[in-house]
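A short worksheet on the structure shown next.
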Amino acid sequence: MQSLEELQRIRVPQFEEVLGKPFPILDDGFVRVIDYMGSDEAVVQAARVSYGKGTRKVSEDRMLIRYLMRHRHTTPFEMCEIKLHLRVPMDCWRQWIRHRTASVNEYSTRYSIAIDASQTTPPDGWRLQATQNKQGSSGFLDPETGRRLSDQEKELQDLARKVYNDRIATGIAREQARKDLPLSTYTEAYWKIDLSNLLHFLSLRMEANAQYEIRRYAETIGNEIVRLWCPHSWEAFHDYVLHAVTFSADELQVLSAMLAGGADGAFRAAGELEWLETKDGRLRQNYERAEFEEKLKRQGIAVPWGEDAQAVV
Amino acid sequence: MQSLEELQRIRVPQFEEVLGKPFPILDDGFVRVIDYMGSDEAVVQAARVSYGKGTRKVSEDRMLIRYLMRHRHTTPFEMCEIKLHLRVPMDCWRQWIRHRTASVNEYSTRYSIAIDASQTTPPDGWRLQATQNKQGSSGFLDPETGRRLSDQEKELQDLARKVYNDRIATGIAREQARKDLPLSTYTEAYWKIDLSNLLHFLSLRMEANAQYEIRRYAETIGNEIVRLWCPHSWEAFHDYVLHAVTFSADELQVLSAMLAGGADGAFRAAGELEWLETKDGRLRQNYERAEFEEKLKRQGIAVPWGEDAQAVV
Amino acid sequence: MQSLEELQRIRVPQFEEVLGKPFPILDDGFVRVIDYMGSDEAVVQAARVSYGKGTRKVSEDRMLIRYLMRHRHTTPFEMCEIKLHLRVPMDCWRQWIRHRTASVNEYSTRYSIAIDASQTTPPDGWRLQATQNKQGSSGFLDPETGRRLSDQEKELQDLARKVYNDRIATGIAREQARKDLPLSTYTEAYWKIDLSNLLHFLSLRMEANAQYEIRRYAETIGNEIVRLWCPHSWEAFHDYVLHAVTFSADELQVLSAMLAGGADGAFRAAGELEWLETKDGRLRQNYERAEFEEKLKRQGIAVPWGEDAQAVV
Amino acid sequence: MQSLEELQRIRVPQFEEVLGKPFPILDDGFVRVIDYMGSDEAVVQAARVSYGKGTRKVSEDRMLIRYLMRHRHTTPFEMCEIKLHLRVPMDCWRQWIRHRTASVNEYSTRYSIAIDASQTTPPDGWRLQATQNKQGSSGFLDPETGRRLSDQEKELQDLARKVYNDRIATGIAREQARKDLPLSTYTEAYWKIDLSNLLHFLSLRMEANAQYEIRRYAETIGNEIVRLWCPHSWEAFHDYVLHAVTFSADELQVLSAMLAGGADGAFRAAGELEWLETKDGRLRQNYERAEFEEKLKRQGIAVPWGEDAQAVV
């Protein structure tokens, strides 16, 4: 296996420069690194325990890390651990906490007075309901109307805080006084997670469909923190997860037809999947076809049944 | 091991009568059982796989279950699973969701309009901040002052809902419109957990120190649901966990002295632990001594250094 | 949300016919279903709690399940639970138990006499070490030499059992007597897991790279059990996970070039990735290129740099 | 909360002296510390995030840690992480791996040749089957007979290794060649776990009932490693978990009676629990009574129904 000489802790000097430094997010949030264990080096070290001496001759660390990421060998990435200090609106935290594979110590509003800060929205920051995606937003409200909503938001947040302070002054227990604080109230937490689970969190929360607020945190954690901490792992995650595309069994048939013969074959393959049913001379809505078109377009590949057909949907 | 004849699913007929029935909690919450797998019988069945044929001769199911509970053999209790439908204020849900060993599907306020109900407080329902326990409550506000707080609560909740509705009407995305809803807003969720982890949840949330709201849910789940579903496991949990008392190494020394010789020995033992330091002729505050006194009193056992000493603390 | 009328447990009548029935695997192993909770119907039920009334109008169950699977919305699949009884060689169990998201009760060889059965290998069942894949096998030993190994295997297993029996007869503790049993000794366990985690297990253990023994169990659980229990989920898993292919950022560039212009563009794109370096007039070994070629070939797509180039590698 | 100045990683200088140093266990096993994150200081730091500024004035770190341990506030202890390198017999590892809350990279005998070492037993090291505790051992075999068993053990282990080597030489895949290695074969692993889960592991595996082999590892990890790494947490664990005793609801009744009035009351209380049933003039076997007697005796407290009664059981 490996020789048993004394060891030093693994350190990443350039990363230690950001320890404790808050990366600002939203109007009053942040992420800071509190401590960490391991690095790319620890991933390699762990993989080599699994594979024994044999691996020694295999290429270098970067290649090994890329291999592990590509083949979903996730356990070596669990050997790195990071502890972050977060300041985040409670509404965002409600989503965050659904990830069960982390350790958490949150600021207690049973024990202490609630943090006196809420996420506020500027007049040009009100997002419109998406019509395609029932759980997303798309575009912004005009700033004049937004002004009205921002004023209303301030009025509501001010009243909520006044009521909270009044309850506290009246002697009400903190655990009950907080009950009508708005979800936009900031909370803070220590959040500790291993690299494998962190990357999984990032793969879900850096996605275009993730809600704007948590996506902002995820992007900062990924691009500012993980990239500095474990650069090879981050690069491999980038190439094999974040910017990879998965094609379903059905999609592969159309793709193969496209590669084999061009438009005709592709039409036939899509037709067999009932992707090209029409109504009144136009393609009917079909989610699987639409998602395939979306994947092609993101790669700059032409949709075989044409832009027009697409436009009709 | 066991014969391999065909099996029937384990059923608990008297329990199936409550399937789907909401047990009301707080002003507008509930717990309902949606489905379950296993029962006391499944605990025994699993234990017998571990122990092989040998156990057959051992006493009957109730005794085996008590033995498992007493000796922290938790894995057989994981063989039972329950799925509940909850309606609970978001503030309470924030505590609930910290238990990471359950499966959860929560009502999505990104996807759908937020539930139009908030937990309200009657004039005589305002709890006062505890002074001893920094994170608890103790006693109630007088109802006259409470009336003012209840009115104020209604005003705030009404405004918050009006603002929410206005945002929705203006076309704001649901994911953003919800940002200032009060923590008292009800949410709903399916919550699925195994019996072992459920009992752990109950041991923490049925405790006197747990916040009133979540304690009400935990009591209902324990006393109304688990008791009916797995009566032997519930009884064993009652005897060996809920109503058991753990004495620390230090406490055991005082207890032993009390049993051996009475007050003198107990004084000496407590003295050696520096529990009986005085200031101005009175016992100084000492958390470990206070907790020991509390345990004795709950069992109706006299505190060796007397009521007076106690009163002084 | 949903109406609160009384509920029946979800049942899958055709699935209940296999309850308790052992599916034989290897020479002396099996898998049996002991109990289950939920089905495709429970996945839909849970998704509708998340999405609220809104979803009602959306298409039917199968489409919803396909949508959830495609978009990695895994939590509704956690709402189904299954409990299996396994008989499996300890060596295989060593791999199995690495999946941490299940509940387990294993037959105890501390408590009971070890099961008197070991996995045996027929003369034509000895697999040769793969040379490409350091952790795999490839092809079989000739049966004559295999005969010698099978005889030797029997001799070793017989001695091991004799030694075990002798220790037991001498009064040695079972926990110590077992210490030299071969890894091929069968063990039994109850294994309980939710559908989401089970599918993840199957995605790893039905893969061509998984070891033969555990792959045999995984195939039986997938094809014989899950397919019957949750047919829509199984179909979706099949299409979107098992038979899906993920292309990395690099691979997508080559693929796009192939779709856009054919061989020339593909050569250029691959060249930029340094996939086509040569040595002595032949392509150098390159893992990422080789994996891409493998993906193309599995879809019946021609490798742009030709069969010859490929053969050289 | 806390000021946001730059931070240094938490270090425990005296602990770093043991990094990489193998602590030998059994005949050829060891535990070594590879890396760590946090310490007692991190526990306190995390607790103070939960409790906010308020806690600052509260006593010092040791007291806070003791409070957290006593009240089962486990999350701050999750903020410390340790990574160990283990060398352990596979049979012992089979128990170890049942703890699901750790990260693991084990030496792969699919990828590499199996470690050429097995746990051996000296002639005076053969433990006899306990009669009281069906899953334990008690006392030792006489060394003469033990000599025979040790010789036999060597013969079996030698044959197993010869067969393994022969298979490898014949070209059999490593994944299959290993199938008849004895459970006593050593394996190695990196094992990473947080302090809270590690203490839970230790509470189960340092118990008198844990099997000798794993207990030896647990004792070393506790007494040599955790004690040095997190001395306050270790002390608190010692006092409030390892050397604490839990009395059930029934036991508390007898204990209360003993404290109130001595033997008479205790007899009455025990009688009501049906602990003192007799048969042929002797106390019948009763597990709960026997366990209570055991607890008393460990504290040096006399059993109220006398030594004789006890002897009869």
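Note that the chains are named A, B, C and D in the order they appear, and that numbering of residues resets to 1 at the start of each chain.
The rule is simple: a residue touches a chain if its C-beta (ideal position, glycine included) is under 8 Å from a C-beta of that chain, and two chains touch if they have at least 3 such contacts.
These numbers come from a predicted model, not from an experiment.
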item	value
Set of chains adjacent to chain A and to chain C	B, D
Longest centre-to-centre distance from chain A, chain (CA-based)	D
Computed distance of Cα centres, chain B from chain A, in Å	33
Euclidean distance of C-alpha centroids - chain B vs chain C, Å	38
Residue numbers of chain C (touch at least two other chains)	51, 54, 104, 108, 111, 134
Residue ranges of chain C touching chain A (in the complex, touch as defined)	51, 54, 63, 66-67, 70, 72, 134, 204, 238-240, 243-250, 252, 255-256, 258-260, 287-288, 291, 299-301
Chain D residues within the chain C interface of the complex	89-91, 94, 97-98, 100-101, 104, 108, 110-111, 118-119, 121, 126-130, 134-138, 141, 145, 149, 152-153, 155-157, 159-160, 163, 166-167, 170-176, 178-184, 211-212
Of chain A, residues touching chain D in the complex	1, 4-10, 16, 19-22, 30, 32, 34-38, 42, 45-47, 49-55, 75-76, 78-79, 81, 83, 85, 103-108, 111-113, 115, 188-190, 192, 194
